[in-house]
Structures are given as C-alpha cells and as structure tokens.
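Below are the structure tokens for one structure; questions will follow.
Going by the order they are written in, the chains are A, B and C; count residues from 1 in each one.
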C-alpha cells in the first residue's frame, strides 16, 4: 500500500528525517513512535503530501507520488487538534470530502449516515461541532477521514489531548473501526502504551532515524538498542563492564556482581556497557532469602515507597550493584505486602530479562 | 476661500476733483492719518492693554503681507502682540456666530473676511460698528459696505478674478477671451474655484447674457458652464491652483490675481490677463465681532484703524498686489498699468462688479447650481 | 518565614497602596456596579454625540432666512424636500453609496490575501516587511499622501511617464472618480487588514491542511472553509470600510479635482460655505440614517455573533 525508500527531509543543515524506509501492507496498522523532534510527524506530513522529501521516494499503491498535492492523494487524515470545520454540522464535515472528491450527489446522504453509524453517532448528524463532546468530535474526525474510502489513513496524535480514560476508550475504538474497514493506517504518537495497544507493527524513531521496526511485543521484549529499551517501558540502566560475550549472550560485572544477560550484537571484552532491567521484571524478596524463579539475587535497601493502587513502586539502593538505585513495580497478588523505607530486602531477576547494550560515548 | 464684491464700479473712484486734490496732497493726507493715530494712542494710555490681539487671516502671501504692513508696526507702536489665526474664514464664521449667540467672548478680535461673508455676519448682527474710526477719513466710497449706513465692515482693497494661464501653453500670446477654456486642447486642463466663485457673472456674459441679467436670468451662464463641464474642469481652492500650475496639471484657470502673482514670484511660468468679456472684481474687509471685553474692543478698533493708515495700507496691499480703497498710494512696480490692478475709470469699466446685497441673497443658490452642473 | 509588607518591592507596594485606596472609595459591596462604572466614560461620550445629533435633527427642520442669516423659528420639511428634489444631491448620494460599495468590495479582495500572507508566512522577515507596509500609511498625513498621489498618478507622474515610455499614451486617473476610489482603497486597506488578521489567525492552519487532504484544492478551500470561517472579520472589516467610505470627506477633496464630491463635502459646504446649517443638517441626518440602516441590515443578516461577541467558542 505504502512504501518509503530512503526518504530524507532536511531543513537547511538539519535533517528532520534521515534515510527512512519501510513498507505497509493492506489493512495493516503501523505506529511511528518517538519523542517530539524525532521526525515522526515529518514522515507523516511527507506521506500526506504537505511537504516534499529532500531525497528518496514515497510510493502509494505502487505509484511514486512525488509532488502530488494532498487533495490528489487518496489519504484520510485525522489531525492532532482534529481540524473540524466549525461552521458545518457533523454530517456536513463527513460529507465534505465526498463533495470535494465528486461522489454522486444522491449517494452522499446515505454514505454519511453509514459512517455516522460506524462511529456510533447515528442521529447526531445535525449537531454543530461545538455542540458535541470531545469524544464525539474525535468520532466525527475519523468518520470524515474515512468516508471517502481512502487507501491510507493517517493519525497525527489525535488522542494526545484527551484525558486518560477517554484516550484509552478511543484507542480501542479507533482500532475497532480500522479493523472493521481494513484500511491501512499509520499512527504517529509519543505514547508508548498507545503504540503497543493499537498497532500491528511499531516503528521507533529518534533523531530522524528509525531505531527499530518490529511487532509491539518484539519491540518491548527485544529492544534493538538502548534508546528503544529506554523509551518503551520503565527501565533501569546499570553501568557495567563486559567480561565476555558470544551467541547473543554476555557476561558482565555490575559493580561487584557478575551476571549474565542477552545482547543484540557481540561486545568486546572490557568495553563499557549498560545493563538494562525493566522495572516490572525485578522481583522482590525477603532479605537473605532466595527468590522463586530468579536466576540472580542481590541484597538491597528500600529508599522510597509509592502506593499506586494496582501496584507499589519502590526505589531500592543495591550496594552490590555499584550502589545503583533501581525502580521496581511490585504487583504482589499473593501477599499485598508493602515494604517500609529503610527495610532490607532482596531483589532478583531472570537471566533472559537482563539486556546488555554498549554504553553511549 | 470664498471671495466676493461691491456695488458698482463707480464706488472705487473718487470724484474727479478729489482725485486731483488727493494726488497733489498725498504727503499731507499721510500726515493727517498719522497724527490722528497718535492722538488716539495718547488717549489710549488710560485703556488697559490686552496681552495680544488675535487677527484671523489667510495663509501664505496673505498673512505675510498683513504682518509686514500692519501687525508688526502695530506691535511696535503699541507694545501689543498680534497673533494671526489661520482658521479658514468659513470655519471661523459659525464659531463667531455661536459665541455671540451664547454670550461668550468670540475666538478672535479682528476678522479679515470677504465682503460678502462679512455682510452675512453684519446682517446677523454680530459685528461692531466701526463708524468712529479716525482713518475712515479719505477712503474711497467703496470702503463702506453696500446696504449699510454705518461701517459694520471696512472694505480695504479690491481684487480681480483673472484668467491665469501657463505661458508655455500660449506661445501665440495671451488669450483674449474666456472662451479658450472650451478649446479641445485644454480638455481636463482648466480650473475654477470649487463653488465657481468669481465666475458666475462672467459665465452669464459668456453665455450671451448681459450684466443686467444678473441675478434674475442666470440661465445663459449655466448654459455656458454646461459646455465647460464637458471639458472636465478641475475645481479647487487657492493653494490647489498653485500646485496644479506647478505640476503641469492645468493650463488655464480663473483665480484671484494674488495667487497667480505668488506662483509667478515662486518661479512658475504663469501669467494673467483680463479677457475682453471682463473679469469679476470684489473686495475684502476687516470687522470686529461683538462680545469683546471693552478694553479689548478698544484695542481691536485701534488695530483696524491702524490698518487703514496710509503707510500700513500701502505696504499691506502692495504685498498682496491689490489696489487699496485709499487713493493716492504708490502701486507696486510690477502691477502699475496692469488691467488686473484697477485704479482708473477705464480699468474698472472693463471689470464686472455685482452689488454685495445681490451676492448675499443669491450666491448660495449660484453655488448650488454650479455644483449641480459640475458634480453631475 | 516572615511575611511583611516591607519585604515587597516598591512597585508591589505601590500597587497594594492603590488597592487600599480602591477598597476605601469602592467598597466590596459595590462590586456588582463595577461593570457600569467602567462603562461611564463611554456612556458620556455617546451622550455628547447624541446631544449633538439632537441639535442637528432640530436644525434640519428649520429653513434659513437670508435677511438675517438665522434659521427660521417655524418647523418645516423644506430642507428635506430640497435634498430630495435637487438633482445635485441625488447625484452625490448615488456617487457616495456606489463608492462605498465598490471600495468595500475591492478593499476586502485586496486585504484578505495581505492579511493571509502576513499571518501564515513562516519567514519573520516577510512578516516584518508586511507589518511595516501596513503601519507606514498611518504615519503619513493626508497632505503628504495627496502629494504622493500627484507624484504617482499625475499628468507628468510616475505612472504616466512609464506608460509614455512604453509607448502606451497616458491615462488620466488623478482628479477623476476612479482616482478617488483608488485613493480610498489605499486609505482603507490597512484598516481592513488589521481587522482581518485576527480572523485569519483564528483559523488553525491544520484546518486548511485538513481540507486539502480531504480533496479540496486551494480555491475550494478558500471558498468552503477559509471565507466562512473568517466571516466575522470580513463582516467587521466590511462594515468599517463601508461606513468610513460613505462618510469620507478628505479623499474626494484630494483626489477628486472638485468634481467628485461626496455627501460629506456637500454637508461641509452647507455648514461653512453657504451657511445652510438646516440643509446640511438634513443631509447629515439622512446620511446617518442610511449608514445605520445598512449596518443594521448586515448585522441582522449575519448576526452580531459573527463579530465574535458571543460566549460560545470551539475548543
């Protein structure tokens, strides 16, 4: 459906997007994830046709689009601030692309009704935009972007401004509608949770470059580099020295503790590195006791306790790990036990959950 | 600026005997004027002097001449400063009227005005009587406004609405008739005052009427102006004529001689003439509004009296290039013998004068009719 | 921690002192009347205007007596009859209204792209240039402006020298009706741009992009999105330009060469040249009534809400 080959966008000396290539198939939901300034929006705007790439090609339906203006491309887009037309009704907004794109006049009302139904706004077509709630406006925006059956749907962080509850509802709603219509979709967001929840595939961008392109679970479980590991999930990074590495495995020394973990590429012995441990993959146990399922156990002291309801967040100080401070998510469905500040505990993890990345210099 | 008139050419002329006597005794009459002034000033020591006298005047050459001929010498003689208020004559009039109506002190002490407009103020009863001024002695009959037994206004000089022309446009010599305005080559290059002032009576003659048709049968004039309308004339006010001549926008205009003379003195190649049909002659005058405190009224009258003294009048009027209403003064060199600087019976015979009462009664209607034709 | 008035900065102390004075002369319980207090200066101004209008209306019903140059005591409709009967007045009324319509239309057509470019340009230098171009005319007086036009449009002006040099002959624009219109458009343009700029700013650029992505070309977007969404600004600017034009005095005087007078010129002449205060008052009353009616009809058709004076806003 969409293919990008070495797409680059420069503003003066600054490369907003550098050598971006990927392909998107029919019905696929792709999320481009990254912090602001990562180049994700630039890529989206180039696909939409609002800006032209400095280099590289973009193909839509197999044809290079080059300088084709947006209104000549078959792309529906939902904007960050929705960009609905306040002087029209909900139905008027949805009918707008149909009129502009020359759909037969007599077909338009039925089609508008169908899409109002699809986004569960049946009967609200006569409402003015300002008479609708935030969630309803979101639905009008997506109906408007889809009513003319575009080949591709682009979402430019439309959910970013919603409160959390509504945002989570709308994530599922967008996914439902997208799957019902089977339209290829590219979503842009800085919200890692949204990326994991909605997508078939995730592209993580930073500094204008693609850091990893993978299924959500892969991106989470097997981050390609330190950036991805840090951007998705809450991760503890522990400075360490590589002792040896081979076959995707590395043995490292974290402070006084020697342990094993996985690495994406072989690392030279003695090289500075960082060991990464996700907060929810650190297990908590009684001081001096073994921890079930843990391959490694280290003593630690609790320095901070935050009760969040569904979990307790701890900060612990581990003298044996070079004095590192670790963040731990403890769900503890069995004991409902909350530790005190200053309490001595044991922390542990499974060998497969420790990832080793070369340290950024 | 709106300009107007007089009541018949004869009023500008002294009876023959007096004219001869006056010419012989110019020095003597000046002495008489001067001593009269001094005697009044001597009495005046008792009357409290105001800090300043405000005199409304027109700008440019007009105020400069008044300042040099009257205001500066007056200040030198009395110690009273003179301030010139350059508010348009038409805009000061309603302000004086309402001040008098409401019993307030008027905004100026002396108004330098056209005789027609001054007459309106006199008819409205807002002018002080100036009959007791010593220097009225020896003025021409034309100094007294028509239709009054007293002197609510003193007319100080006459002026002619001449045919001014760009010399380059007339290589063959000065135009002899106002009808040149209708020539094809001057289409869009002819200018009149924006209400037609100074031209209505001329138009009547041009249209085949006579002086006796004014004011009852103006139709010949309107016919002629309709033909002029097809020439797309420009309509403006005093400063416009100078600008237009300077920028080559016009070739022919009907304007007051002073404006043409000022343009010429500024190096613009402009000349003027009185065509065979004649040209309208008018007067301006000085008057004092009612409602001044007694001492200020006294000194305002002294100012007007001073303006009428021979020396002051000569400098003032020569600056303007206009013949004063006092006989026997020396005309400016460049205008001596110019038909647009009328001093003799023959000069006045070529000019058209409409009595002020007729103008006061009818001029507004003529303006309206002129506008109707020109704005159509 | 010590809190003391002495710890405050001099400015803050001044502000708190002012607050104490306010509390003394305008106690808390008078708070509901505060809004009215703020309105007072405006009310006074309007009252003066209304009083002046009342005098004018009264004068319009009295004829001038030319033997005393005062208005007669008796009430009469003569002045109004004169205005309606004299072809001169119908000519200038038609000319003035026509000018107001044409000038408003042309000004809006020119001001919109200007305001749009000024708001949307990404280059700070361009925006500065456009802003300077916008504000410069405000610093140029009418007289300088008049000479400027003479230099550009005069017989021997810039335009005609250029045309002559190109072998195209000359055009006469200055001292003609079209000349007056050109002068008025140039005079009104900054006002219109100033009023349109906020209206354009209020339309998020995303909305235009959205329209584009939904299949509308630039002109379709202009017609279906930009113009409807900037309607408040267009109406406001239109009303301002229309009323300023229909009451203008200076431009016909400067650019009209005396033969393109507007209603205001006739009113002026009546008051100051021919002393027809009654007739001029009648004309002024008719002008005020006419202009008010037009503005009223516009607001009735599009609603005052389009000026943005409504509580409800989108997001």
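As a working rule, a residue touches a chain if its C-beta (ideal position, glycine included) is under 8 Å from a C-beta of that chain, and two chains touch if they have at least 3 such contacts.
As the structure is a computational prediction, the values presented were derived from the model and not from experiment.
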{"item": "Distance-to-centre winner among chains (Cα means, whole assembly as reference)", "value": "C"}
{"item": "Chain of greatest Cα-centre distance to chain A", "value": "B"}
{"item": "Distance between chain centroids, defined by C-alpha means - chain B, chain C (Å)", "value": "40"}
{"item": "Cα-centroid distance, chain A relative to chain C, in whole angstrom", "value": "53"}
{"item": "Geometric centre distance via CA averages, chain B-chain A, whole Å", "value": "91"}
{"item": "Complex contacts: residues of chain A adjacent to chain C", "value": "48-50, 69-71, 73, 75-77, 79-87, 96-97, 100-101, 129-130, 137, 144-145, 148"}
{"item": "Touch list for chain B against partner chain C, complex", "value": "2, 88, 90-91, 93-94, 120-121, 123-125, 188, 192, 194-195, 232-236, 240, 243, 247-249, 360-361, 363-364, 367-368, 371-372, 374-376"}
{"item": "For the chain C and chain A complex, residues of the former touching the latter", "value": "204, 206-207, 209-217, 220, 224-225, 228-229, 231, 312-315"}
{"item": "Complex contact set, residues of chain C against chain B", "value": "66-70, 86-88, 91-92, 95, 150, 154-156, 172, 174-175, 257-261, 266, 269, 271-277"}
